[in-house]
Amino acid sequence: MSANFRSDNETPVADAIMEAILEANHGTAWAYADDDWSNQLDQAFSELFRTQATVVPVSTGTVANSIALATVTPPWGSVFCHSGAHIYGDECGAPEFYGNGLRLVPINGGHAKVTPDALERAVRANEGHGVHSYKPSALSLTQATEGGTIYSIDEVRALCDSAHAIGMNTHMDGARFGNAIASLGCHPAEVTVEAGIDMLSFGASKNGCMAAEALVIFNQPQWRETAERLRKRSGHLLSKMRYVSAQLLAYIENDLWLEMARHANRQAAKFAEAVENHAEANLEYPVDANEVFVKWTKEGFDHLISQDIQFQLWPGRDDLARFVFGHSTSDEETELLIKCIH
Amino acid sequence: MSANFRSDNETPVADAIMEAILEANHGTAWAYADDDWSNQLDQAFSELFRTQATVVPVSTGTVANSIALATVTPPWGSVFCHSGAHIYGDECGAPEFYGNGLRLVPINGGHAKVTPDALERAVRANEGHGVHSYKPSALSLTQATEGGTIYSIDEVRALCDSAHAIGMNTHMDGARFGNAIASLGCHPAEVTVEAGIDMLSFGASKNGCMAAEALVIFNQPQWRETAERLRKRSGHLLSKMRYVSAQLLAYIENDLWLEMARHANRQAAKFAEAVENHAEANLEYPVDANEVFVKWTKEGFDHLISQDIQFQLWPGRDDLARFVFGHSTSDEETELLIKCIH
Amino acid sequence: MSANFRSDNETPVADAIMEAILEANHGTAWAYADDDWSNQLDQAFSELFRTQATVVPVSTGTVANSIALATVTPPWGSVFCHSGAHIYGDECGAPEFYGNGLRLVPINGGHAKVTPDALERAVRANEGHGVHSYKPSALSLTQATEGGTIYSIDEVRALCDSAHAIGMNTHMDGARFGNAIASLGCHPAEVTVEAGIDMLSFGASKNGCMAAEALVIFNQPQWRETAERLRKRSGHLLSKMRYVSAQLLAYIENDLWLEMARHANRQAAKFAEAVENHAEANLEYPVDANEVFVKWTKEGFDHLISQDIQFQLWPGRDDLARFVFGHSTSDEETELLIKCIH
Amino acid sequence: MSANFRSDNETPVADAIMEAILEANHGTAWAYADDDWSNQLDQAFSELFRTQATVVPVSTGTVANSIALATVTPPWGSVFCHSGAHIYGDECGAPEFYGNGLRLVPINGGHAKVTPDALERAVRANEGHGVHSYKPSALSLTQATEGGTIYSIDEVRALCDSAHAIGMNTHMDGARFGNAIASLGCHPAEVTVEAGIDMLSFGASKNGCMAAEALVIFNQPQWRETAERLRKRSGHLLSKMRYVSAQLLAYIENDLWLEMARHANRQAAKFAEAVENHAEANLEYPVDANEVFVKWTKEGFDHLISQDIQFQLWPGRDDLARFVFGHSTSDEETELLIKCIH
């Protein structure tokens, strides 16, 4: 038996999502996001976030992030984010491409989080002098973070307040937003729009969907035109968008998304507990969601590999590894992993 | 009963394709196009086109076209295409976006086709003077054309020869490539790589797939890096690419794609025959594939609308309409349409 | 003796302009357009155009045009211009570069002019359908035109009215604006801001300056930030801008610019008259300013070349040539030319 | 009496340079850098650097830097530079604009210098994983640095060797290159092409010219087309380039450039000595060239201001100021400054 903890990107599509796709597959439907499913999104997400929401469905988190940032940042604007953020290190410059050379400014910070102090220092060091420098324009937070930790509602609010105070807009990269909400136990609006987030990349692909994400714009319907132009112009306006939108609707219906995220988080928590009780291995970060970063010996990790356990050794490190738990991770797989580390 | 002939973009996913998606939905798979399905594409398309093929799977024709053109055209290069081409009028400048301000030069021509003479005149009028002007860099042909006509093998070869003679690369937008091959009855290589086409946007979404297209590069493996960088950088590298690649593999297996295209073409041919025999209505173009452009009276079209027949009145015209037939168009629907025009 | 009528781009700097440069060359001055000369420009041009003017001094007409268009056109916007316009055929895509892939739509028209009818047809043919198409965003007129003709005040007003009526902004490429005003004999405001022009590339380099142009924005001070950001970001904010601004101030002082332009126009008029009276040669366009396009025989042009007369045979034509007269063209040179064509 | 030490950007044009401009101002000359002066540049700089040099004259250092970097860096490539580099903090993203969203990676380092160790760490931290990350593509060094220090020949060679070893190209921003060579006392080739520099932004505007810089490409003539296309496309191909090229030729003739730089450096050295002997004030960096960074009290700086001494308080600091000495700084001015700090 083997088990794969490399990434939730590698999980299959959840059955309930696939059923929604099959149900959408009858007869013809208007193309280019003018179908019955896509036309429900604004309403459905407005309810989910209990505010006016403008929804732009797309296929990947990278494009959702890039459109969001390019919508509120001029080419001579800068976007502040954590140095470990996906937009900074894993998107090959997609935000810079969509934003025609905007600049990302990376901020270091423990537990993969930005703090208000660090943000303020970074802004001060980069705001420069008038026309000669980039203009601070946006803040992007990742929730759950790349370290598997979670910003509290208060942390998000403090950061958004700092950003808004100097005229910046705020974005949340929610590639693992479901895991964050499942962990926080709060209403999804509380840690987003109500805490000051202007735009959310609402991720679904990692948590049971096939290729479905939603850029959700809160209370700024005037941003729709730019966002939709960028979607079209980048080739992301699918002719058969109904299949994406049907996924999104099924995903948020009856809290399916939270149920799947809770499952993943539970598996991670079980493994985290085992690591905490381990003689040699240690947790690198608190385990708030579905990712567990483990510090251990090379021999330890080699042993896991020999047992057909798949995970990611962190680039450039042989004493750190990441284990990700998904909606499809079974109890047996988690137990196998726990058994193997002992 | 109603029937929809607005666009093959509005058709559902074919059963065989959906089955392939379902079959791919087991267990985990490497993300980002490193899965077992994606890894088969180069081989499968090399066989299909009986030459070395580099395949870049994506979700839309717009991105396939844009990556293709941006890969061979510098920002100061121009791309020649028919004035009715999708890349010119229907992609909101996606080629210009991916190509950082490259220029499309539209060429008029009967039957929605470019001729070698017209191409030569357009190049001469636009090649300009050294560094002051755009540099002619690529030719893009649409097959089947936006008028539902088809370039013969000899026509493609003559145009590619003209383009290559002055150092331009050649691209074919094959959004309806299946319909073209089904109509020509030739080997797919004959009207592409063997006639001088360097890159093909191999369309599948209009002909039974969900959101699956392939950029196929012939005999130029060194273009892969740029193409794949552009795909990633634009957010088109799906984490779960297996579902796109599984569609593409099923689509070309056992000539499924040609079977579906033949069906659509047959429906179009039946309707075209009816129009030809009609007292008042006329065909605007020869009907070579699955699109029928009809010149008729406003009253005639109004009658169809009153009968719940859906089709596209051509923008700015009330005497011209387009009827598109797809893999899912039933004999009954076509017969209903024929009945209604009489 | 030889004489050069190839282009007013080849003329030297006028003495009065050089004196202004020398006068500016004392002591230190604030860098980056914050010097005493640059700080006078808004006021000086507001007086010249008897309205509120925002002036952005630069070194070339290409950058003035490009910043102007990029300031009012989104990347998915289109700019309408004559097919012979400098921005379309002679700037290697600078507007597309500054505008991140905006599109220029060329319009044919006699006497190198756009007409309201032709503009309307072009807009209708290109406005397309929503997010799928470029959005008509700006009209750019060249005054004097590339054919050496001039738009009348009424012609400019009619075109600007058409443009504004559909929400487009208007730009005038005034590379030879001095020649146009000298010919029209009107106030410079009458054929620009008062006729509906929103932005003017005020050319000076061709008419006696070294490398000095001004982007003049009328009554839209809120466009300054974008224009100045683009100037900096493209490397056009000279540290020693005082030398450009000193040229501009001297150029418009005491109507020096008009005096120089009148001189050039007079030389052109003399030659035009000689061509009109010529047995074989003919004028291609009315001669309104300082350019004369002559249709003649290859033998005729060859004869001129043998007499050391320099001019430009039109690209791709051996029966058409352009003769340009500048501020420095002497009576002797013009007389030599006239003698040589007989 | 007042004295201005704010920036060498504020100095006037040197007499010898102005004479060269006046000498070039006779008769017509071919436009667009095809004049007799521009045509001498390759030869003149090939001699100056005793190797094959391709010269692209332009008006600003920002455009020279941006074209250089965009010529060797794909949009998905990264450029490594010191965190204090002009390209990073003072060009409003010009490199990102010309390079269509390339990324600058800032490296911290004492004395405003990059070290091979710091470079290696930065590359390792940013090279990432294949298509997901920017590709390390170029190293840019500033000589003299933004801190007024100078890289030794060995330091440049070691950094270039590191860069070349991993396939990166190398660029030197020589905005104050004359000051560096005057200080090093070496042949200009030794610390550039012979130490591994591929491209040099040869600055002249700060050291006596009006608006003249040269992008010098060493032994890579095939880069000319891209560089010249970018120059045209950005509006930097002056029609009357003769005036820029005449400046450049005069600047390097008979070591004028070094003579002017030596003068500036001498003034800086005199002031630096006074600071070293000062009871309270201190030098922030070694003074290798023409810039002196002084740490002192707010009261001290206020006193200077009250004496009409102009200099730059460092942004965000009231205990640090920069004093720059130029070709036109007189002995009297320097002595006044020295007197005032005591």
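For clarity, chains are labelled A, B, C and D in written order, and residue numbers in each chain start from 1.
Here is the rule we go by: a residue touches a chain if its C-beta (ideal position, glycine included) is under 8 Å from a C-beta of that chain, and two chains touch if they have at least 3 such contacts.
Everything numeric here is computed off the predicted structure, so don't read it as measured data.
Q: Moving step by step between touching chains, how few steps can get you from chain B to chain C?
A: Minimum number of steps from chain B to chain C: 1.
Q: Touching chain B and chain D alike: which chains?
A: The common neighbours are A, C.
Q: Using mean CA coordinates as chain centres, what's the gap between chain A and chain C in Å?
A: 51
Q: Quick one: report the Å distance separating chain A from chain B, using the average Cα coordinate of each chain.
A: 34
Q: Could you grab the centroid distance between chain A and chain D? Build each centroid from C-alpha atoms only and quote it in angstrom.
A: 42
Q: Please set out, as single numbers or ranges, the residues of chain A touching at least two other chains.
A: Residues 32, 75-76, 91-93, 97, 100, 131-132, 229, 232-233, 237 of chain A each touch two or more of the other chains.
Q: For chain A, which residues are in contact with chain D within the complex?
A: Listed in rising order, the residues are 75-76, 89-93, 96-97, 99-104, 124, 126, 128-129, 131-134, 315-316.
Q: Contact residues on chain D for chain B in the complex?
A: Residues 32, 74-76, 100, 131-132, 226, 228-229, 231-233, 237 of chain D touch chain B in their complex.
Q: Quick check: in the complex, which residue numbers of chain B touch chain A?
A: 4, 6-7, 9-13, 18, 21-22, 25-32, 58-64, 66, 91-94, 97, 205-206, 210-211, 229, 232-240, 243-244, 328
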